[in-house]
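Report on the structure given below.
All chains are identified by letter, namely A, B and C, in their written order; residue positions are counted from 1 within each chain.
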Amino acid sequence: MDGPHAVGYTRTARGRVGAVARYTALGVAALLFLLPFYLIVRNGLASEADITAPSWTFFPTSIHWSNVTELFRDPSVPMARALGNSAVVSVVQTVGQVALSSMAGYGLARIPFRYANVVLGAIVATLMIPAAVTFVPTFVVVSSLGWVSTLRGLIIPGLFSGFTAFLFRQYFLSFPKELEEAARVDGLGYWGAYWRIVVPNSLGFFAAIGVITFLGAWNAFLWPLVIGQDESSWTVQVALSSFLTGQTINLHELFVAAAVAILPLLLVFVFLQRYLVQGVAESGIKG
Amino acid sequence: MNGRRLPKRHGKQRTWPAFWVFVGPFAIGLVLFTFVPIVWSAVLSFFDAHNTVTPSTFVGLDNYVDMLTNPDFLHSLLTFTVFAAFIVPTTVAIALGLALLVHRLRFAKAFFRSVFFLPAACSYVVAALIWKLSVFNGVRFGLANTVLGLFGVDQVPWLSSASPPWYWVALVTLRLWLQVGFYMILFLAGLQRIPTDLYEAAYVDGAKPGWQVFRHITFPQLRATTVAVVLLNLIAAYQAFDEFYNLMASARGYPPFARPPLVYLYFTALGSGQDFGHGSAGAVILALLIAIVTVLQAKLFGFGRRED
Amino acid sequence: MVKPSGYARRSVLRGAAGIAVAGALATACGSNTGRGSSGGDGPTIKQWYHQYGEAGVEQAVKRYAKAYPKADVQVQWTAGDYDTKLATSLLGKDGPDVFEQSVARVDQLKAKQLVDLTDVFGDAKDDFTPAVLDAQTVDGKIYGVPQAIDMQMLFYRKSWLEKAGVAVPTTLDELVAAAKKLTNKKVKGLFLGNDGGAGVLGAVPLWSIGQNYLTDDQKKVGFDAAGAAPVFATLRKLYTSGSLLLGAPADWSDPSAFTQGLTAMQWSGLWAVPVVQKALGSDFGVVAWPKGDAKGAPSVPIGAYGSTVNAKSGNVDAAKAYVKWLWIDKTDYQQDFDLSYGFHIPARKSIAAKADKLKSGAGADAVKLVQQYGKVQATPGWTATMNTAYTDALNNIIRKGSNPSAELKTAITKINKELTTLYK
C-alpha cells in the first residue's frame, strides 16, 4: 500500500511544502465530502423551527433525540416496515445472487460441457444490455406472474446477474486446480469438491462480491419503485422518495429517516471496508 | 484451456448433468427475467400497446418511427449526451486527482480514502433528499442560499428555474459527490499495480517527480483502469434515473426538461400513459445505442486487454 | 420542543382531476399491510382508495367494508403515486375490483376497463352535483359514483395585505402587482407551487380568459394559441419577477409555506383550511383565481373521486352491488365519510345540506366559491397524453421562458393527434 515513489521525496524543502499543500487540499476536499453527513446530523437532531429559522445555526440550539422515536411512532411513515423489507430484500438477494452466480461461474469454468461456450456467450451478451434498460419488459413479465407489490417481485428478478456469474467464472479459472484434484482423488464429485474445497478456500472473494451486491441491493431504487406499488412492499429508498416527490413530512423526521437508511451501510463501511474495496476493484476492473 | 485434464480423468463419465446442476438454476432465471423480457419487449415494440401488454394491433415500425421523430425522446438523448459530456471527464479527473494525492500519503491515508469513499454508502435517494431539502432548496434556510446570502445575493430557486438551468448545479454536484470516491478506489487499485521498479528506473534516468513521471509512467500504466472508469461511468450516466427523478419530479409528474432517457421511458410506459408499444421501442433503441457504444469503445481503446 | 401548531403530519395526494388532498394524517397505516378485510361471506372484492390526508379516513372505509354482509371486501390503502399505480394495476389480472378515480376517461373505455354503473343510481341520480357527475359520464353512461368534492383556491394573509395597502386581487394584473408589493427580504408575495404554477394551475389560466382544454363535446381543442398566449406570458412575468416563492420544502398542497410566513398568498385547497385556521386564527381569507381578461371569470377548480368497477374483475356483479350499497344506499356512511374527517363538500346535495362546518368562516366562503365558479378540470376526453402535452408547454413557457404561442401550438398539435387516434 505504501507509495513507492514517496520514499525519499518529502525530505527536501520543496517536498515539505508540497506535502503541506497536499494535506491542505485533501483536508478541504474531505470537509466538502463530509458536509452532507453533517447536514443529516444537524437537521435530524434539530427541531423544525431550528431548521426553518431565517438565520443559519451551525448546530441545533438543543438536541432532539426524541426525533428518532417520533419517526418510528409516526403511523403515517411506514419506516419500520420499509426497513424490514429492505433488510429481507438485500440479504436474500445477496445470498441468492452469490450462491446462484458462483455455482454458475464454477460450472462454466470447470465442468466440461460441449455447449458451455454457447451458454457463456449468452451470459456475456446480457452484459451489453444494462438491467435498467430492461425494466419495462421485466415489469411486464413480473406483473403477468402476479408479483407486483410482493417481496417475490422485489427479490427474484434481481437474483440472476450475468455480470456476477461472469466475475465468478473468471475467478474460478484462476483457482488452483491442484486442490480440487486432491478432492477428486478422495472420491468427491463436483458437488462435494465445490462445497468442501472450493468455497471454503474462496471466502474472501465471496465476501467481496457479497458486500458489493448488498450495497447495490440496499440502495436500489428504480426496480423497487416500479414494483413496490403498495405501501406494504416499499423499501427504505421508495419510502424516502415518496416523501421527497409527493407527500411531505416534517423535515427533522425526514432527516432522521435518511440517517436510518444509511446506517446499515455505514456499518458495512466501518467493519467490512476491506472486502468492499476489493469488491469495487474486482467488479470495476473486470467489468 | 481450462479443465483439459479433467475430462481425461472422467473420460467415460457424462459431465453434462453436473454442468446443469451448477448452471441450470441460474440459466433458468436468466432466461425468464432477462431473455423473455427482451424478446417480449421487442414484440411489444411492433404493436399498439396502449394500456395492455397483450396487444393485437400490429403497427410495424410505426413505434420506432414515432420515437425517432419524437422531439421529446430525442431531447432526452441530448440531455443525456450533455450530462455525460460533462460528468464523465469531470469524474475521471477528480477521481484520478484524489487517487494520486491519497496514494502518496504516508500518514492518514486510510482516513482520507474512507472519507472520499463514504458517500458511496448513500443511495441516490438519500443524496437527493439532502440536496433538495437542505443544500439546494429555494428558500432562505437552504445552505447554498445561506452562503450566497453572506455575499448579498438573492435567494436562487435552484431546482425550479429552467432559465438559467440552475438545476444542473444540483444534479452534477450530487453525482460527483456520490461516485467520485468509488472511481478513486479503482484508480488506487490501478496505482498499486504499477511496478515500483518502473519509477526507480525513471528516477535513475533523471526524471523529475511530478508531471513528467505522471505523463510518461503513471498515466500510461493506468490506461486500462482509465478506460474501465470511463466506460463504467458512461454506462452509469446512461442509466441516470434516481437523482433526476427525486430532485425534479413532483406529485404533478416530471417537467419537460432535464429528462434523461430512462426517466422519459418510465413516464411513457409506466406513467398514467401506459404506452408499452412506444416505451418498448424506446427501450430497444436505448439498448442498441448502449451496445454500440460499448462495442465501439472496446474497439477503440482495446478494452479488456489487461495492462499486465 | 414546541412544534409549529397544526403542522404535525401531512401527506399530499393527488387525483387525475388534479385535486390534491392534504391534512393532518395520523392513520394507522404502515403498521400492518394496510389491508382491512371484512368478515362477510361470498366472493372477495378488492377495493382501492388513494391515501386521504385526513386522520381517520382509512379506519372509516375499512369499517364500511367490514360491515358489508354479502362479500369479503379487502381495502387497499394506496399511498404515493396513485394514478400511475392504478393505471398499472388495471392492466394485469391482479387489479382491484372496485377503485376510485376522479374522472372516467375515454381512453379507459376504449381499453374496456370500466363498467357502466348507470343502473345503480336509480332515483338518487338527481341528488348528485351535476359537475362532478359529468366527469364520470361518457355518452350518457355513468362510470363512477362521486364521493366527496375537493376544491382549490387562493389563500391570503389579511393583515399583511392591509399593512401593504393591497386590495384582494380580482384580476391577474392585480395579482401580479399585489405579489410584488407584498414581497420583501424575508417574505415572498405568492406561492403557486415550486414550479411556479405550471403543474397545479392546469386549465385555470384558460378558464380565466373564457377558454378550456376541450370543447364541450370533448372532441376538439378548446383553446387557441394566439388568444391564450398573453395570460401565459403574464405567468412567466410573475415567475421571473422575484415575488414568487419557489423551491419551498413543501409544495403548494401543503399550507406550511403560508403558515410559516414564507409567503403572503398561496394557492392551495379546502383541505388546508383547518391547518391554516389553527395556525393563523382568522387572519386569512380565501378567494378564487382572478380573471385573466374581460371575457373571463374567476376560476375555482373542483373534483371528486368516484367509485368505479374494473371491467376485468371476476366479480363484476358483486362489485356493482357493493358500490351501490356503499355509495348510493348507505347515506349514513356517506355522511360520515364526507363530514367527519377534515373538510370536504359532499357530492350529494341532501348530505351537503347537513354540513355544519361549511356554514361559517372560510369553509362557508369556499362553498360559495364552488357554487359560483366551481368547474371540473379533468373531463372524460382529456387523456394523460393530452395533459402531458399541455403541462409540458406550461413548464416550458413559465420556467424556461419559451415563446408562449409557439409552445401552445406544439401542444395543440399533439392534442389533435391524440384526438384523431381516439375518434378515428
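Note that in this section a contact is a pair of C-beta atoms (placed from the backbone, for glycine too) under 8 Å apart; a residue touches a chain by one contact, two chains touch by 3 or more.
A quick note: this is a predicted structure, and the numbers were derived from the prediction, not measured.
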**Request:** Based on the touch definition given at the start, go ahead and assign the chain network to line, ring, star, complete or other.
**Result:** complete
**Asked** Comparing A-B against B-C, which pair counts more contacting C-beta pairs?
**Response** A-B
**Asked** Just how far, in Å, is the C-alpha centre of chain C from the one of chain A?
**Response** 40
**Fill in**
Cα centre of chain B to Cα centre of chain C, whole Å, reads 38
**Request:** State, to the nearest whole Å, the distance from the C-alpha centre of chain A to the C-alpha centre of chain B.
**Result:** 15
**Sites on chain A at which at least two other chains make contact** = 52, 54, 143-144, 246-247, 251
**Asked** Which chain B residues sit where two or more other chains touch them?
**Response** 53, 133, 140, 250-251, 270
**Asked** Tell me, which residues of chain C touch at least two other chains?
**Response** 12-14, 81, 88, 91-92, 186, 249, 251
**Prompt:** Within the complex, which stretch of chain C touches chain A?
**Reply:** 1-4, 7-14, 25-35, 51, 76-81, 85, 88-89, 91-94, 186, 249-251, 254, 256, 260
**Asked** Okay, in this complex, where on chain C does chain B touch?
**Response** 12-14, 16, 18, 20, 81, 83-84, 87-88, 90-92, 107-108, 111, 113, 186, 193-196, 198-200, 242, 245-249, 251, 253, 262, 384-385, 388, 391-392, 395-396, 399-401
**Fill in**
In the complex, chain B touches chain A at residues 2-3, 5-7, 9, 15-16, 18-23, 25-27, 29-30, 32-38, 40-41, 44, 53, 98, 101-106, 108-109, 112, 114-135, 140-141, 143, 146, 177, 181-183, 185-186, 189-192, 196, 199-200, 203, 209, 213, 224-225, 228-229, 231-232, 235, 238-239, 241-242, 245-246, 249-251, 262, 265-266, 269-270, 276, 279-280, 283, 286-287, 290-291, 294-295
**Prompt:** Can you list the residues on chain B that touch chain C in the complex?
**Reply:** 50-53, 72, 133, 136-140, 142, 154-155, 157-163, 250-253, 255-257, 267, 270-275
**Item:** Contact set on chain A toward chain B in their complex
**Value:** 1-6, 9-10, 22-23, 25-26, 29-30, 33-34, 36-37, 39-40, 43, 51-54, 56, 100-101, 103-104, 106-114, 116, 119, 122-123, 126, 128-144, 156-157, 159-160, 162, 165, 173, 177, 181, 184, 189-191, 194, 215, 218-222, 225-226, 237, 240-241, 244-247, 251, 254-255, 258, 261-262, 265-266, 268-269, 273, 277, 280-281, 284-285, 287
